[in-house]
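Alright, structures below, take your time with them.
Both complexes shown next keep subunit A, but they swap its partner, so subunit B is in the first and subunit C is in the second.
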Partner chain A sequence: MTALTTALARTEPVAWRKPKRHGGLSAWLFAVPALAVYVVFLVYPALTSLWFSFTDWDGLSPTYNVVGLDNYAAVVQDPVVATAAKNNLVWTVVTLTVPVVMGLALAILLNGKVRGKPILRLIFYTPAVLPLVSIASIWGWLYNPQYGAINEFLRLIGLDALAQPWLGQDSTALAAVMVPAIWLRTGFPMLLYLAALQGIPKELYEAATVDGATRWQQFLFVTMPSLKPAHYIVIALSLIDSFKVFDLIYAMTYGGPGTTTQVMGTWMYANVFQYYNAGYGTAIAVVITVVAIVVSIPYVLSQTREHSR
Partner chain B sequence: MTGNAFTRRGFLGLSASAAAAFGLAACTGTGGASTQNSAPATKDMRMFTYEGDETIGLLKTQVKNWDATADMTTTVDSLPGSGAAQYPDKLRTELLGGKGPDLWRIWGGQIGSPFATAKQAADLAPYYEKFGWGDRINENAVAGMTFDGVKSGVPFLVAAVGAWTNQELFAKAKIDNPPTSYAELEEANDRLLAAGITPLGTGGKYGWHIMRLFEYLLESTAGPELHDKLLVGAESWDRPEVVEAFTRFKKWQDKKWIPEGALGLDPSDIEPAFVQGKTAYTIAGTWVEAAFIVPSKKPASDFSTFLLPTDQSVVRHSGFVEGYMINANSGNKDKAAELIDFIVKPETQKALQNTSSTVTGAEPEKSKLPLSAEWAEINKTSPFYTIQDQAFPKKQADQYFTVQSDILQGKITPAESAKQMQEIISAWVQK
Partner chain C sequence: MTSIAPVAALPEAVVSTGPAAPDTKKPAKGGLVTTAIVAVVALVWIAPLALLVVTAVRPLSDFISTGPLAWPKDFTLSNFADAWRIGNFASTYRNSLILVLLKVPLGVLISAMLAFALAKLRIRFGRVIMFSVFLGLTIPIYITIVPIFIMLRTAGATDSLIGLMGPYLAFGIPFEVLVLQSFFRQVPDEIIEAAKIDGANSWRIFFTIMLPLSAPALVTVGILDAVSTWNELLFALILLNSDNSKTIPVGLLNFQGQFANNNTGLAAGILIAVVPILIAYTLLQRYIVGGLTAGATKG
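Showing the complex of A and B:
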């Protein structure tokens, strides 16, 4: 009997441990409130939107017709979608790489012996906390072809030929909107990198110095590998930020001149909210979502591998 | 694989899906195809408008006066600044969200039309009968807010668009009288430019402001009858008169008669800049006097206004209608109609400084608004054609603005512009 009890005592925890590996029912119970919010405010609207992408709903009327994949076929043939997709790609590459590189450079600079560090940090980070619409207005005035500070400055220093209608011509409009995007998005990676830099043990640099490593070699083989976790978070957040571009384009150029600076977000918005073409607009939204998921897969996988070590 | 790894992967996967789903969910409206039921009547109402800072105070005061007599509390919300580019989007979003205003201000034609055809706006025929609006309000204006035979709006403003000039700058360029032909207008532009003055103030952001120039040029080359047919797609745009209008349009930019980089300028900066003396004239309506000239404290005599010369036997001007619609789902439709009735009384219209009222007896006073009073006289002899962003649905209007943009940038020729316009309009008409 004692032996049997002992045996049961030994086996029971094993029997109970298996379901506990995944938290058991109680874990799901705790998750129910969050899941309910998730389902009601994300899953249900997303599925509803998916459904509307198969309809010709105008976005206002109480009725609509199911049109199958017609909206998706139209997306493929829409020349503005091609322009918008190209602009999204250019925007993502530029506003991902430039602010990250500049943020890293500024962080390294501010991590050294520089006077007035707190003030400089504040100056570099301030654009990130300004409302985007204010930024759009400020830069809109700066870009004014006749009275804007940029053209005035160019004229002042004798570079009249470089004065341009920055937002009013196809050749410069997108780049002109990217400049404030870079300006406002450099501060955030700078702060993250700065925090990460301060966490690197000084002993690593001392050892590298003893081994005869140059400053460049120290940067490549000590600093950069130590910043790996920061790289992940900075690049992931910047990528998401770049991908969801909408406000700056909408406020500064309204997608123009013509449709030159349309991005997927603004074109989707135009169709859903302005052209009373909600079915087609939601099809564009679905395409954006699918692309976002595909793009985020490498990040999710890398993070999974990182955490499972 | 450990249990922890599974959980984290699940979490990360879920996070990624959540972010994506959030994007999709946030991008689109939901529940818009719901049934329409009137809410119960309450003592609170909400009015949505796009009055600017210059006039919103006047409206709020009048609404407050009405509230006091009607035992109601009406909140007035405004979204000024973007013209017809953004306001209808906001209104539509509010209506779909189920918290739409009880009544709202809106333009007529193709801008107000979607709210009527989707039955978001109530049929106001019973109220027209009850309050006798049909007898008091300009018949043509009522037609501008009647869609498929349903009176869906009550127009209170019929705006006439013409040239507004800065007298000092015209005098500086030695121009004593307003031009009476298109050739004289071009000559005036040359003189202004020679005097170092930008002739026409216009802005191409959103497309609708610079459109006022092109539609004038089209009226002058095509004439009233053909212009009207072009607007409804009854005649092909691929024709010499349209090509000539686009040729002239491009000429205005090439000769620098419009500001450098006009395509990128914000319309909301144009009229203030004109009043400040940065451009010699602008194409606008009588709101310029009440909203910009009067607040600037400059005397009205510093400015002048004239009908743009078209060289046609009947000289028309561009015009548009604005009015109020009532939410079909509002529980306060009767009260909203009472408020509208109060607003379209001549004394209220005068208090609101509506310089282009549709209501008889609310004409602007010559002593207070002399330039607007001039337009009241001009309107008696000059008919108007529908302003083009009210003539076309928003999508076609935007495509048309793209053509404007392309020709001004030299990407297409006037002939190609005319062809593209025909493709845009015929696709719309066929649909």
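Showing the complex of A and C:
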């Protein structure tokens, strides 16, 4: 909060001749439609969920009892929540680092002397525009134990022993769901890094060469520092995004086999719409949302600051 | 809303992005090795989609007898006809299109209005509003799902596309405001001052100066919004239950279950669902890439 207040306090001089004054009623007429929609369909429901999380509501009955923190106590003891939280963490780490590193590597390659740059760029970003359900379908189909292309490929190259039900067994299910996530999330860092790399002045490299810097030193001391804003955006947005994981898991494994691939989002869904524990389900959603908000606040603050300069 | 999410933004440097990339036209001499490496990776990347296309145009019997990786002996288009009919794509397509056509322009308009108030009208509590709206980027959709379901059931708006409009608009607003606000800020105050002296009020300035000057940003935001609206699953899954009101992602989900044993039909169905978005992306990628990368180049 202090950061916010300092951000609020800092006002840069504006090139506006009149003394600073507020826009008054007309400004609000512009703001109200979007703000009303935002409050009614996002802020209010989110706060209502917070309220439900203190009740034993089943999601159907007209009445419910307030049970205080009971749901949260149950969350802490729920072994599936432990699995889900661990999966969320693994998911975040893997689907953040792998796509970012691969995206950076691809961007550096593409920024060199490469032919067919536009088409290559097009290919790498394509998965990102597909509906997650279709990505789940495509990969579910590739993973099919009997007719899937992946097992077929393994058999063709003589690795029959490695052919297995990728999505159907505990040992591989989570990894198998993360592969499509990596497939679809590598394009965005690549695009950002490519744009950032193209913005680095050539003179910096020339100067480094004159000073006798090796390629590796150039990468460490010229490229990486120049990419700082890109790193920041890529990591912040990937992080924010990773908390929202739902569609892929829901459509590929539905949290299974058993509860092996449950994440907070899907476990919340199961509790609300399958077991009719709306109070408990919303408590799970509240937990993950609070974590997401806390982690993202520095990014939101920096955006607010930048946008008010 | 979904994962392409967006991003990004902060097109602070958009205006100056141009001259930075003077793609040298020198014939790439040492580029063959790099090109080969990237091409191999690209091949792996596109393989699932390529395989999908090949599978969609072969008969099921051919697929089963020679396996998923063999080059087809026969080609057919009947998978598409089957998938189209059984997957009820006529109605899911219609519904998704209606949603996008209603939601995107309206969402961009109200977001642009708010962004204008924040960027140029010195609205009171501007920074608090911005902070609260940007915070929306971080809120997972699923925390709102129960109250929204109840709200819409009370209003009798479940199972209707109109019912989806509210939540879809709300979850689109943070990103749209983020991007549009930075574009609007770059419009010089002098232009607005001059218009004011000529007697233009805020609405006139908004519609005749801000929007036309920010057309590229509006297009980018509109496209990204259309993609996430087209792809959204969770709200649609919970709020729509009759077959006639389902959208593409929900329809595809059901379809996936029905076609579990018909691999070629499933491939055709998936293609039917993604082709419009692939075409739109290929044609409009310039705007998408520009919008997504705008923030990366400053500093």
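Keep this in mind: the second predicted complex is superposed on the first by the 258 of 309 C-alpha atoms of A that agree within 3 Å, B and C clash if a C-alpha of one lies under 4 Å from a C-alpha of the other, contacts with A are read in each partner's own complex, and residues count from 1 in each chain.
By definition in this document, a residue touches a chain if its C-beta (ideal position, glycine included) is under 8 Å from a C-beta of that chain, and two chains touch if they have at least 3 such contacts.
Since we're looking at a predicted model, the values are computed, not measured.
**Student:** Considering only touches as defined above, state whether A:Arg115 meets subunit B (first), subunit C (second), both or neither.
**Tutor:** second
**Student:** Identify the partner contact of A:Ala270: answer first if only subunit B is touched, second if only subunit C is, both if each is, neither if none is.
**Tutor:** first
**Student:** Classify the contacts of A:Met224 with the two partner chains as first (subunit B alone), second (subunit C alone), both, or neither.
**Tutor:** Neither partner.
**Student:** Output check: A:Ile138 vs subunit B and subunit C. Expected answer is one of first, second, both, neither. What do you get?
**Tutor:** second
**Student:** Subunit A residues in contact: does subunit B have more, or subunit C?
**Tutor:** On the superposition, C touches more of the residues of subunit A.
**Student:** For A:Gln303, is the partner it touches subunit B (first), subunit C (second), both, or none of the two (neither)?
**Tutor:** Once the two structures are laid over each other on A, A:Gln303 reaches both partners.
**Student:** For A:Tyr254, is the partner it touches subunit B (first), subunit C (second), both, or none of the two (neither)?
**Tutor:** Only subunit B is touched by A:Tyr254; subunit C is not.
**Student:** Once the structures are superposed on A, label A:Ala128 by its partner contacts, choosing first (subunit B), second (subunit C), both or neither.
**Tutor:** After superposing on A, A:Ala128 lies in contact with subunit C but is clear of subunit B.
**Student:** Please indicate which partner A:Tyr64 is in contact with in the superposed arrangement: first for subunit B, second for subunit C, both, or neither.
**Tutor:** first
**Student:** Quick check for you: in the superposed arrangement, does A:Leu167 touch first (subunit B), second (subunit C), both or neither?
**Tutor:** first
**Student:** Could you pull out which residues of subunit A sit against subunit B in one structure and against subunit C in the other?
**Tutor:** 21-23, 38, 41-46, 48-49, 52, 59, 140, 144, 147, 240, 244, 265, 268-269, 272-273, 278, 281-282, 285-286, 288-289, 292-293, 296-297, 299-300, 303-304, 307-308
**Student:** Enumerate the contact residues on subunit A facing subunit B in the complex.
**Tutor:** For subunit A paired with subunit B, touching residues are 21-23, 38, 41-46, 48-50, 52, 57-64, 140, 143-147, 164-170, 173, 240, 244, 253-254, 256-260, 265, 268-270, 272-278, 281-282, 285-286, 288-289, 292-293, 296-297, 299-300, 303-304, 307-308.
**Student:** Note which residues of subunit A are touching subunit C in the complex, please.
**Tutor:** On the subunit A side, the touching residues are 4, 7-8, 14-17, 20-23, 26-28, 30-31, 33-35, 37-38, 40-46, 48-49, 52, 59, 106, 109-110, 112-117, 120-134, 136-142, 144, 147-149, 152-153, 156, 183-185, 188, 191-196, 198-199, 226, 228-230, 233-234, 237, 240-241, 243-244, 246-247, 250-251, 265, 268-269, 272-273, 278, 281-282, 285-286, 288-289, 292-293, 296-297, 299-301, 303-304, 306-308.
**Student:** Spell out the residues on subunit C that touch subunit A in their complex, using ranges where they run on.
**Tutor:** 2-10, 12-13, 17, 20-21, 23, 28-31, 34-35, 37-39, 41-42, 45-46, 48-49, 51-52, 63-64, 67-69, 110-111, 113-114, 116-118, 121-124, 126-148, 151, 166-167, 169-171, 173-174, 177-178, 181-182, 185, 189, 193, 201-202, 206, 227, 230-231, 233-234, 238, 248-250, 252-253, 256, 263, 266-267, 269-270, 273-274, 277-278, 281-282, 285, 288-289, 292-299
**Student:** Taking the complex as given, what residues does subunit B use to touch subunit A?
**Tutor:** Interface residues on subunit B, with respect to subunit A: 1-9, 12-13, 15-25, 27-36, 85, 88-89, 92-93, 95-96, 114-115, 117-120, 198, 204-207, 259-266, 269, 278, 393-395, 398, 401-402, 405-406, 409, 411.
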